[in-house]
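These are the structures, in structure tokens.
Next come two complexes, and both contain subunit A; in the first it sits with subunit B, in the second with subunit C.
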Partner chain A sequence: MDGLPGLLLLADSRLPAGGHAHSGGAEEACRIGAISGPEDLARFLRGRLATAGRVAAALAWSACAAADAESAWRLLDAEADARIASPAQRLASRTQGRLLVRTAKRIWPSAALAALARAVPDGAHHPIALGVAAQAAGCTPHQAAMAAAYTSVTGAATAAVRLLGLDPVTVHRVLAELPYDSVIAEQHDWSALPAHAAPALDLLAEQHLRTEVRLFVS
Partner chain B sequence: MSANHDDHHDAPDGHGRALRLGIGGPVGSGKTALTAALCRSLGPSLRLGVVTNDIYTTEDADFLRRAGVIDPDRIMAVQTGCCPHTAIRDDIAANIDAVETLEERFGPLDLVIVESGGDNLTATFSRGLADRQIFVLDVSGGDKVPRKGGPGVTSADLLVVNKTDLAPMVGADLTVMSRDAAAVREGKPVLFTSIREDRGAHSVAEWVAGIVESWRHQHSHSHL
Partner chain C sequence: MTKALVRARAILRTGLDDRGLTRIETMRSDPPITLRQTAPGEIHLVSTGAGPLGGDRLRLDVEVAEGTSLTVRSIASTLVLPGTGRSLMEIHVYVASGATLVFAPEPTVLAAGCDHRMTTSIELARDASLFWREEIVFGRHGERPGRCHSRFDATVDGHPLLRQEFVVGDPETDASPAVFGTARCVGSTLITTETAAEEPKSEPREAEVAEGVAVLPLAGPGTLVSALAADAVELRHRLSWGESRVLP
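Up next is the complex of A and B:
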């Protein structure tokens, strides 16, 4: 299938776009004891996928499907902003988006990524950046959404492995069993974008920013 | 490559930007002390920026801010997600972002120092992040450390062996360290320092001033 190499590169945790330093709330959840083993982690990841993952997938789909459209991306970026209640999470999302655009511009030089950088100079939200990077990498909107859904949980899973010393194979089995397809849907109209909130993730992100000793950016 | 046209920071040849100097080495060897010393010695003559890669806290950045050797706003701290190594070698995006933010805010700069989080002997900076790198050891790890090698010790542009004031106390033989370092480094420079005694690390500062000067010659805006 066309676009598969691009999807593999974008979903790979080794993509040098700064993702390794974000835990998606997992560091704080580990710190307060909300995640202490594989079962907690599996519940955390299912929740993340069903909320943040679903929204990210829809935004990435839409951003990828928009053809070189600065105004569409600006609009989608505002939609992303409106869907993230926590300022800490908004900041983390924009930081990751900015770093991803910078990296992707050098891997897949394209008018689309240059246009996105112009449309949202302070850094687009990560799912928007991912959608446009996926477009530049030759991916389909469905693949962009899959990359968004998948990366919405992999960072948190890896962080838990590092922080708690969990068995990495057990954690990968958890990742393999997550229902990625169920959060991906074709997007036609921005007014129909999903808006699943996760107040617990918002709170974790806010507390994390105020925790003195932390390894991860978010 | 019209996509990158407007983004001179992507220029791999380094035209029109500061020299990026990585300072790496094991935990506690004196990387922050050296960074502070360089700010002290070079601050009056060079436009500086500093990026720290703290592991748990913003300890190093806070120390440098308190030391009052550089405008606190010119120090940025990067978080490394359990892997100080990754942030300077495999995924340098956050460090590049910090360096470029400093250059955009305070530029033009002459020198941006990137201090890595304390790591082990295998840690080195990616060439995509650091134009030159210093590896800092201290004598208290024992005088056999240079002999053990590792990419930091063997290939850094400058090897600094710090805390020479402690050598008698830990029984480290500096001539052994010097001889072994020279052997594994094939002539690349090695400097011995005691930043406790020389708070400006003057020999290192002189070396850094030299590389900044030649960087400037090679990378001035000759095309303008």
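Up next is the complex of A and C:
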């Protein structure tokens, strides 16, 4: 089956699944001055893609390729937990995952999405929700991983445009030049999935929660 | 000068003596990894050679037997140097039920031009305790670091607790405000105390954050102190602060 329409719908920021409320650490990075212009933003996004994006892509690939069984979703979800040290980021990931499952179940009704919702009632981690939604939408694991890699940076990019008043075309050029393919690989052994950490993102996520005036949830 | 590539595998195992105290059951040094007992239940790693150098493959196995305690430190920091190909340091650890391991060596310093791989895999029994500190310094003073890829995997009773990889020396990501920012060192300390997984969850532990350091309660039974810093002294200071928040 051709999963392209599913991929486009899942990667579209207009998908009503609450993704627009999250900046992936960009808001805090802008607030403390770590991002002040397009060059900083490009470095931020490259680092985010190579770490959190790579991990998200691997989880989404695995979720999309998995046969649906509640025990399998719990195992994969535990692998995601072990790769997200920051409680603030785990919370943001689960919140987005829960909303995505709720939305995707209505768009692409499937046994796998229903099983995922039962297996992880508090909300599966977002890349897993994305992978299972992609499976329901007829996407390949590669397409699921691409959607995960792409959405790992687009929210942060859009947030920076809004917060700093950057030129949206310049920022889209940055997005167009990112090496998405370099973080996508076929995955088999869940315990060996990539686990690239981003200590600065962890610090940003925790500081963000403690910042009084916030436009974005994370 | 060419140096023969080194293959070394050192082994460290504890056991209980007649009085129920920890004794070192096996202490097999394999240069350049030399083990020295410095106190009861305490071992220092002594590097008896330069490096690791590119091409070297070093391995350390640590097994902490049921009810025993082991502390591993090192005399000096490890300077990873370039050589012929990639160097490898792998550490395999098992901490049995009721056992405690403190592993807190001096930092690993990545000299210019090095190409280093570090893997650490730690299996913890359900009620084992661990204190594991790891510090990586990006080059000697004023030096651009070589490459390093580290992977850390810790499981408790077969369930994943923490898996994390660091890639240092990739210009694409090193200076990224998302990864290391302006820091020249990265460090983390994983602390688990005998919190059995099946115990009723106590009130959710709070994360804490200060300049360059965060105390991060994990999803599983453990806490990670994660820090970034401009130099090794500041890094240790930040980690120590975080550790003190977890272990009063």
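FYI, the second predicted complex is superposed on the first by the 217 of 218 C-alpha atoms of A that agree within 3 Å, B and C clash if a C-alpha of one lies under 4 Å from a C-alpha of the other, contacts with A are read in each partner's own complex, and residues count from 1 in each chain.
Quick note on the criterion: a residue touches a chain if its C-beta (ideal position, glycine included) is under 8 Å from a C-beta of that chain, and two chains touch if they have at least 3 such contacts.
From a predicted model like this one, the values you see are computed outputs, not experimental measurements.
Of the two partners subunit B and subunit C, more subunit A residues are in touch with C. Residue contacts after overlaying the shared chain place A:E79 against subunit C, while subunit B stays out of touching range. By the touch criterion defined above, A:V171 reaches neither subunit B nor subunit C.
Of the two partner chains placed by superposition, only subunit C is touched by A:Q207; subunit B is not. With both structures placed on the common chain, the touch criterion links A:A148 to neither subunit B nor subunit C. Looking at the shared chain after the overlay, A:L59 reaches neither subunit B nor subunit C. Contact with neither subunit B nor subunit C is seen for A:A157 once the two complexes are overlaid on the shared chain. Of the two partner chains, neither subunit B nor subunit C is touched by A:L10. Of all residues in subunit C, only 151-153, 159-167, 170, 172-173, 175-181, 183, 186, 188, 204, 207-209, 212-214, 216-220, 224, 226-228 touch subunit A in the complex they form.
The part of subunit B that touches subunit A in the complex is made up of residues 1-7, 10, 55-57, 78-83, 86-87, 90-94, 96-97. Subunit A meets subunit C in the complex at residues 25, 29, 34-35, 40, 43-48, 50-52, 78-79, 81-88, 90, 191, 193-204, 206-207, 209-210. Across the interface of their complex, subunit B is touched by residues 14-23, 95, 98-99, 102-103, 105-106, 109-111, 113-114, 117, 159, 162-163, 212-217 of subunit A.
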